[in-house]
Amino acid sequence: MLEATGISKVFGRLRAVDDVSAEVRQGEILGLIGPNGAGKSTFFNCLTGDLAPTTGSVRFLGEDITTRSPEARAELGLARTFQLPQTFTGMTVLENVMIGAFLRTSVTAEARERARRILDIVDMAHLAQTPAKTLGTPGRKRLEIARALATEPKLLLLDEAMAGLNPTEVRAAIDLVRVIHGMGITLVIVEHIMEVINSLADRVIVFHQGREIARGTPREVTGDPTVIEAYLGKRASRAGGRT
Amino acid sequence: MSATLVQVIVGGLLLGAIYALFSSGLTLIWGMMNVVNFAHGDFVMVAMYIAYVVYVLLGGGPLASVPIAAVSLATIGILAYFLLVRHVMRGPMIAQILGTFGLALLLRYSMFGAAGANFLSLPDNLVGGTYEIFGIRLQASRVVAGIVALLVTAGLHLLLTRTSLGSKMLAVSEDATAAQLMGIRPDYMQAIAWGIAAGATGIAGALIATFFYISPTVGETLAIIAFVTVALGGFGSVPGALVAGLLIGLIESLSAYWIGGVWKDVVVYILFIFVLWFRPQGLMGKS
Amino acid sequence: MKKLLWPGITAVLLLAYPLVFTTPFQQRLGALVLLYAIAASAWNIVGGYAGQISVGHVVFFGCGAYASLALFTHTGLPPVLGMPLGIAAAVGIAAIIGTPTLRLSGHYFSMATIAVAELARLVTTNTEFLGAAVGLSGPTVPRTWLDLSFISSVPYYYLFLAVLVITLGITWWMERSRIGFYLRAIRDSEKAARSLGARAPRVKLIAYLLSAGLTSVAGSLYALMFQFVDPESGLGILISVKMLIMAALGGAGLLFGPLVGAAILVPLEEISNSLLGGRGAGLTFVLYGAIIVLIARFRPDGILGLFQSARKAPEKHDA
């Protein structure tokens, strides 16, 4: 349902993403993994329209959306969350979700009704009237997902939705992703917690230094020597740099 | 080409060099921390009054007033950073813009109260007189001001691109958190940037005062010229400010010559709107 | 019911004011508070709700004032009929400024607004048709009731009150509809709002056009009451300053913020002017500058924002 072909993104002299292609199939969960700075987030932002790729094209449901704005992509059924939650801090939790719901209705009462249903699904109904700025990281991450769901997406892109959560919260988030998947929504998840990828993803693409170095099922890629080297090598050099 | 036209062009470029200098301060701050200093024009205004006071009290010309204005303005810049800008830059957009805009009013109308609304000017012959070279009449004050402004702008560019202080400032502008991990204090670097930017503005103000009228509201006009220069040059770019400054000086000068003095600012403002419509990233910026 | 308590009390106080305070000075003061409250409420739509800080809003005020008096000067028609012309001019100018800049970062918008206001002042000062530096006057003697020329300030007071109610009504309606939600979302995080489908540039532009049109109405009302406009009173930067400081002091992005700000600042300025004369004007603006800096530094959400966060605080425990 989403095809990205030959995506490259260059910042000045840095090639953040170098000729990566990917296809997302209807109904699957695709994982994008790799060490920090591997280019997965840049690639992700080219899919969502927050960045324009230097070369390459993105097609969604058969339409070329390479140069479409983020709002036009949302309209087509492509939703996303942000790595650092972009909470609307001046609003309540319910109002945050209403912003998403307004994409499919212009009537306030209707948007409020839809937002309430979404809050039920993500188990945040009891927080509806809470000012969003009082939420902690786990709450804000969950709210991001709720807002995106309210736009009634066909494809949902989650950018490190589990980062900064403790193990209990990670398990709850994994359950939520399963619920969303069960609603018939296709997912792309960027993660660097392997446990999350292993338990959720059908297929994985591994990034290293802006390139794709492996793809396959989670089991296949975690056994891949190039992948192991990329992860350990990165960690070793980072540890060296800190001294 | 007639001698008068050549004179107009040279005069425009000399004025443009000064525009480039005081716009460099604005573009530096904007590029580095994404803050637009709406009090920028009023910084120039304060420097102009400093030049006037130096003349009245000490009888000194730009040789004395330029360093004094540079140091005073650098101090004002650093104070403004620590007392105001540092606090508002993390807040909502409204706080950021209101903060420096309020500072502009405060400076402008305090000066109004202290010095009155009268237009002041320094004596014409403070810096040499008027000379004729190849049939072009040039005022020494403008020539000196233009050349000094060019040199200081070039120096500012070298400081930012060729020194370790410059690269530290660049690091902070790109990623303050990462810079902090590398042992650079973002706060400190940003304060220095404010000092440098305001200091350069001070130099520009003291120079421009040698041939421009001085009044509490002169900063408003100058601020808009600086905005146009920065928008045209591409934000954050000192070379961009230089090219744009020269261009605007030239356009002002030519339009004053061809269609009359009162319309020269009108032409510049219309140019600004054209830039926003058709080339918002500026002449030197990337699309 | 409780929700209507404060608006209800405010309405009663506003209706009764000219009956309680009967000197010409007090009644004029009341009318001025309402006039500036209209202008500041109009500013609030784009500055407060959309978070796009216009520092040149006087250009729209000038559109209204000049359209009314230029129409009278050149055709002899009653100034009030110039109001639609002013609105059209204001909306046109807003589209020229807003279309390119509202796609860029907010700084470009602010810079463009200040430049266009200055441009308008310069052009007007040099245009005979608009009275140049001397200005334009209205009918000295009222010819028909349509000239809306009164000696007492009371008729103006109620006229302005009616327009303020309409302005706040539009704002209130906008606040509760989709566009109002989108505006608040864009102010908090434009990136997130767009990812959820809000067409940010268009939504901001609509707010700006609406705000420009309403500000122009305030300008026309000013022309009706004072029957005179010149580049300083109709297009001076200080009027822009007043609009934004009143909204920011009372509470930008809050329905009644600008009214509260106007009710504090207009009397302050009028009293300081009558006590200090011409020299007071400069002093007033030093004070304005200081107030703006202090609001920005310590309370960006203004006086009403203070009450609102105090009122909302207990809800945290309910959650």
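In this document, chain identifiers A, B and C correspond to the written order of the chains, with residue numbering beginning at 1 in each.
Convention: a contact is a pair of C-beta atoms (placed from the backbone, for glycine too) under 8 Å apart; a residue touches a chain by one contact, two chains touch by 3 or more.
Fair warning: this is a prediction, and the values are worked out from it, not measured in the lab.
Undergrad: By mean C-alpha position, what chain is farthest away from chain C?
TA: A
Undergrad: Tell me the chain pair with the top count of C-beta pairs in contact.
TA: B-C
Undergrad: Can you check how far apart chain A and chain C are, centre to centre, with Cα atoms defining each centre and the answer in Å?
TA: The computed centroid separation for chain A versus chain C comes out at 43 Å.
Undergrad: How many angstrom lie between the CA centroids of chain B and chain C, rounded to a whole number?
TA: So the centroids are 32 Å from each other.
Undergrad: For chain C, which residues are shared contacts with two or more other chains?
TA: 187
Undergrad: Which residues of chain C touch chain A in their complex?
TA: Spelled out, the residues of chain C in touch with chain A are 176-178, 181-182, 184-185, 187-189, 191-200, 253, 312, 315-316, 318-319.
Undergrad: Which of the residues in chain B come into contact with chain C in the complex?
TA: 30, 34, 36, 38, 84, 87-88, 91-99, 101-110, 112-113, 220-221, 223-224, 227-228, 231, 262-263, 265-266, 269-270, 272-273, 276-277, 280
Undergrad: In the complex of these two chains, what residues of chain A are touching chain C?
TA: Residue list for chain A touching chain C: 48, 50, 69-71, 74-75, 79-80, 82, 86-91, 95, 98-100, 102-103, 106-108, 111, 126-127, 129-131, 134, 147-148, 150-151.
Undergrad: For the complex, give me every residue of chain C touching chain B.
TA: Residues 47-48, 51, 53, 55, 96-97, 99-101, 103-108, 110-112, 114-116, 118-119, 122-123, 125-126, 187, 237, 241, 244, 248, 252, 279, 282-283, 285-286, 288-297, 300.
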